[in-house]
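Order of writing sets the labels: A, B, C, D, E and F. Residues in every chain begin at 1.
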């Protein structure tokens, strides 16, 4: 979310979108609570232990999972580790630059990470090999190929889709037979932006640029909330927050149906 | 010490302080060999294994000690390790910037480090756990909160004050009972600047900025010297150096009295 | 190779050298297939396990070898490791800057590395200490002192000369007796530049700057090729490449005679 | 790290004796630092944080300047010795994220338009941590901004709410944060508009709503303490223009 | 990593059934990405690469600008999950070198003079690797440049040749690359002028000459596939100005 | 690393046969490098150092320029193979500190005022180390500055003094440095004004004074060798303007 774009073009764009909102419309004709088309192709990359190619409208990204033995954190000696990383590579957008991950990429990775971790979708105690010494480390690497807006929802879908198809490569490391990674839930992050007093799901790139605030809500199959992040400067009221929570729950349960087809 | 400040304001300031010196005065009314007020509050931070909050006039810094088991250096397999680090965080001065330590911070850390190490105040052989494998590593982290000049003397006081109250947390690491860190001496670094032909102790920020050279002398309880560092471009004569050594010894023995009260 | 130098001086220089080439001449009077004077002084630095100081015309560099026990790569558990590194330190040229190695330095190091590795001049299996655990790591550090052009050929000569005089310091690491590093061949990289339709060996700094392309060919005592790298934008025909291969073989066998004298 | 306690709430009292809707003790010291344009030292339970503000001041490099307003910047940092395990100096992914959300908690309330091309820098140093450092840091930074005389729509007040033993409680302490079921740090303006909201853990919608309402009362209490501190320091001067705060 | 096979060529057939002078199957998708000015997705055997081109566009910082032409820049990168062992994100010495030689493979063919002070950025992402990623990347980048409408002297086509079991073969697959005797990646223009040439391994002069000739036929085949892909996408428009390609 | 010797001084002779006030042999070679504006190779006992000077030349980036004089910059670096244990390339905390004190050893003697906005760069490479590399580097740099024609108030001459076996000795060799009681590197102008002074170890005030006086005689000897080297190279030309040296 860039809140600092103050060029004339940005202003014209803002006015245009604002006028549409007043008429209850969005530039691409969607309803305020409507997602763009979603496709999820799992097992896209066979060198990965799990993978998913996601498109969400023009946004396209590839999630690859690598599972390796490694040391546990000192304070959780009997638990595996999940490390989520996102690469906003310059191939994906004229705005991205090469280099170590910046603020925006770090925030996305940490929000996706918390959504998965806090849902307890992955039972980390099942990833312990030898307590205090060796556990499975799950690297979730998100490779953005085309930024068409709302990277975070696409990343969230891709991460859980890739995890659902992940194999623990025990044989490769002489640690027994390969087993599927046990996944207990499908947590999904849904982003809502506030613009012109309206709440809109799944912002396109243009909408994202002009939105003054957005709220990301991760929810689970039972409707519970497992993560939340407000970004952007504009404040929200408690009522607005609760409305967004409801929108996110409804949208997530719709998207979750896609996963039944996977 | 910035020797490159050539603005008009700096020049006016320099002239003003120079005129004072001609009259045997300092801007804050101190004598040339007089320190600003010193306060030392030990055990300031209970998550640290030892700590001290020091104020020296307007200068304020916090020293925290962490003691952890780790590997010895290959050439001293039976000795513990002291690592001194100073953070000139941007909170403490408009001149400090975020980022890895620069030349100035590295120099201060190394001078404080040598003052402690060479005084043999800490018997490093007592910090050996298993020869060649495991020793106690003592991290001395100096966190500057307000730069009012003469960081180095304040850091030196804070480091030894914090060490004096440090506990080796053996129990936390299943290595026996906690014991106090054995400290045998109180080495203190004292900075003297040369300006207008006069030698002055404990430079304030303004004095520090205009001084063309300074000499830091670390001395011990018995008066012996355990470290020295000249900084700044202007040369010193042997006579000047010997005079500074005497001033540093006298000042250090005064300051050392503070430690009896701690 | 800088292909982006577009100043007026560079253009005048280019025209001058181009006119010379039309007459079949080079600025320093050499024939197109003639090297500048080469001197190689081995055992230049006794703290290194092997070393060589090389001059090639004005170019001067020092290669130092350090041999240390370390872990093998996971995919070659029974083989030692060679790591070639080149430091284009700012002392050596007004064009070099301090900092981590850039594109140019990395390319040179990797080309020299491949020339040695692929020639199988060093039998890496003889550098295994304990399979999968401990092998000898050979650090080949190339320190450029004066860049007079054609660093790569000088580095290649220096690397193999230093390796030829290297001792494996087994005694220092309690791993038996010191032995000479077994070297089976003398691979040499030879650089040919294309300029004005002509092929020239051993470019001087000026020639290097104006050349639009160059081809580096590493060859062995039996004439076989063990490495090749085209650099620069201008394309080459298959015929040109084959001519360069021949020139490189002839030149390398001449240079190789120097090594008999070492 | 300590063991997980069997119960967090016994007879309506939490481990440190607080009730469910009670904040830990808060101590505020205004202007402890003289180099900064404004500063505040704040203790919140066992947390100790120092905040300083510099600016409005020139922003380098130039291409980062905004022609139409000040750029608010924030650096949240934990001292290496502020927790049990030593932290390596320098930014971590965690501190980068927290710096961002704190910055955005203030971007709305600061009248940035008054100061084009400048930077307003907020520095927060955590000297001793015990859960809730980001909210403690926001409360201190809010006062440091006021201390620096930066014009604002009002103060920002922050606290966390969470869930332990299945109950919604105010202001998690360390054990509750480490072993509890959810943690929700929130920052609000005096009129209860939310400028920071994060959530970690798992809650139902109803629980979450209860948490938001509890946070509201917590933030109001904090706001009163902040206001008192300013009145004590700046007296009538502050009371007079206090209108900008409500 | 797999074991070294005893033989790479049995009865004239390679491990995957190809003959000595046969390329792996190639699949080309033009313009898969809409943010880039031009893009191409290419599968080459089990390799999967994505290339995108941005430019000509303003180049920052300014001191890197060239007054007399565009600066061609290239970043070749492997996704962390593209090989068996996870790769740490960020540039490696290998990727820095490959980025450089790929850049130089295009510097001659792009009409840089038309666009002073600008940058033409080529990004290549290897999503799945199986030997030959740099040549696959060049072929994709060549099409991405055409797709971006960057004026060029012609397409660049690339393939590797190598030596296994003492024989010169076209287009090494992973096992041949890992355990074979030599690997020679080559890029050429349509008139067989070499813009990239590297060599790794050991060959006699005669073998090397044979390899170059074999690479020529390989590149010609690739060129035809690239041309077909452009005609399919841009039809007559491309055919008409096709002259610039030969 | 070798073992600590039982005695460092036996019958008035040190481990390498020197007396207490004797320097190790010094060899000077002027202008060995042609790319630099001035250079000097110097051997001091078993130390081998190369110094080069570039400048006055334009300083980038611009905000580092000083309007009223040249900026003196220094980079002291040890080759990875210059000591027993390989050193990782790149700056260390030690080399950053030494670079700073060496720079300041020259800031006073160089007539920086003549060259506003420029940089004078001093590069020192330690090729082989055996205690005393910073003083050897200063002596070489001093000559490289003269060789570059940089106007100076005079040469800077350096040597170390130290304490071993309870005695003050001149110019510590490696064993004396590693296992001795104190090490004091000093640099002086020809009129004995001190431009670099560091101290490491432990000494009484009296010992320290003795050390300073011993250093004075050491620096004077070094100065004569430096002067001879310049006269040999530049002959009468140097002798004529020699006044600037004394």
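The definition used in the following text is that a contact is a pair of C-beta atoms (placed from the backbone, for glycine too) under 8 Å apart; a residue touches a chain by one contact, two chains touch by 3 or more.
Since the model is a prediction, treat every value here as computed from it, not as a measurement.
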The chains touching both chain A and chain D are none
Moving step by step through touching chains, the smallest count that connects chain B to chain F is 1
Interface repeat test, A-D vs C-F, B-D or B-F, passes over-half contact pair overlap for B-F
Top of the farthest list for chain F, CA-centroid basis, is A
Farthest CA centroid from chain B: chain E
Per the C-alpha means, the centres of chain B and chain C lie apart by a whole-Å value of 48
Here the gap between chain C and chain E, centre to centre from mean Cα coordinates and rounded to Å, is 27
Whole-Å distance, C-alpha centre of chain B to that of chain E, is 58
Cα centre of chain E to Cα centre of chain F, whole Å, reads 53
Ring walk start=chain B dir=chain D returns B, D, A, E, C, F
Counting only contacts in the complex, chain E reaches chain C at residues 1, 66-68, 71, 85, 93-94, 96-97, 99-101, 104, 107-108, 182, 184, 188-189, 192-205, 208-209, 212-213, 216
Residue set of chain C touching chain F in the complex reads 45-48, 51, 58, 60, 62, 64-66, 68, 85, 87, 89-94, 98, 100, 139, 141, 143, 145-148
In the complex, the residues of chain E that touch chain A are 32-36, 46, 48, 50-52, 54, 57, 75, 77, 79-84, 86, 89-91, 121, 123-125, 127-129
Chain E partner, complex, touching residues on chain C are 3-4, 6, 74-75, 103, 106-107, 109-110, 114, 118-120, 215, 220, 223-238, 241-242, 245-246, 249
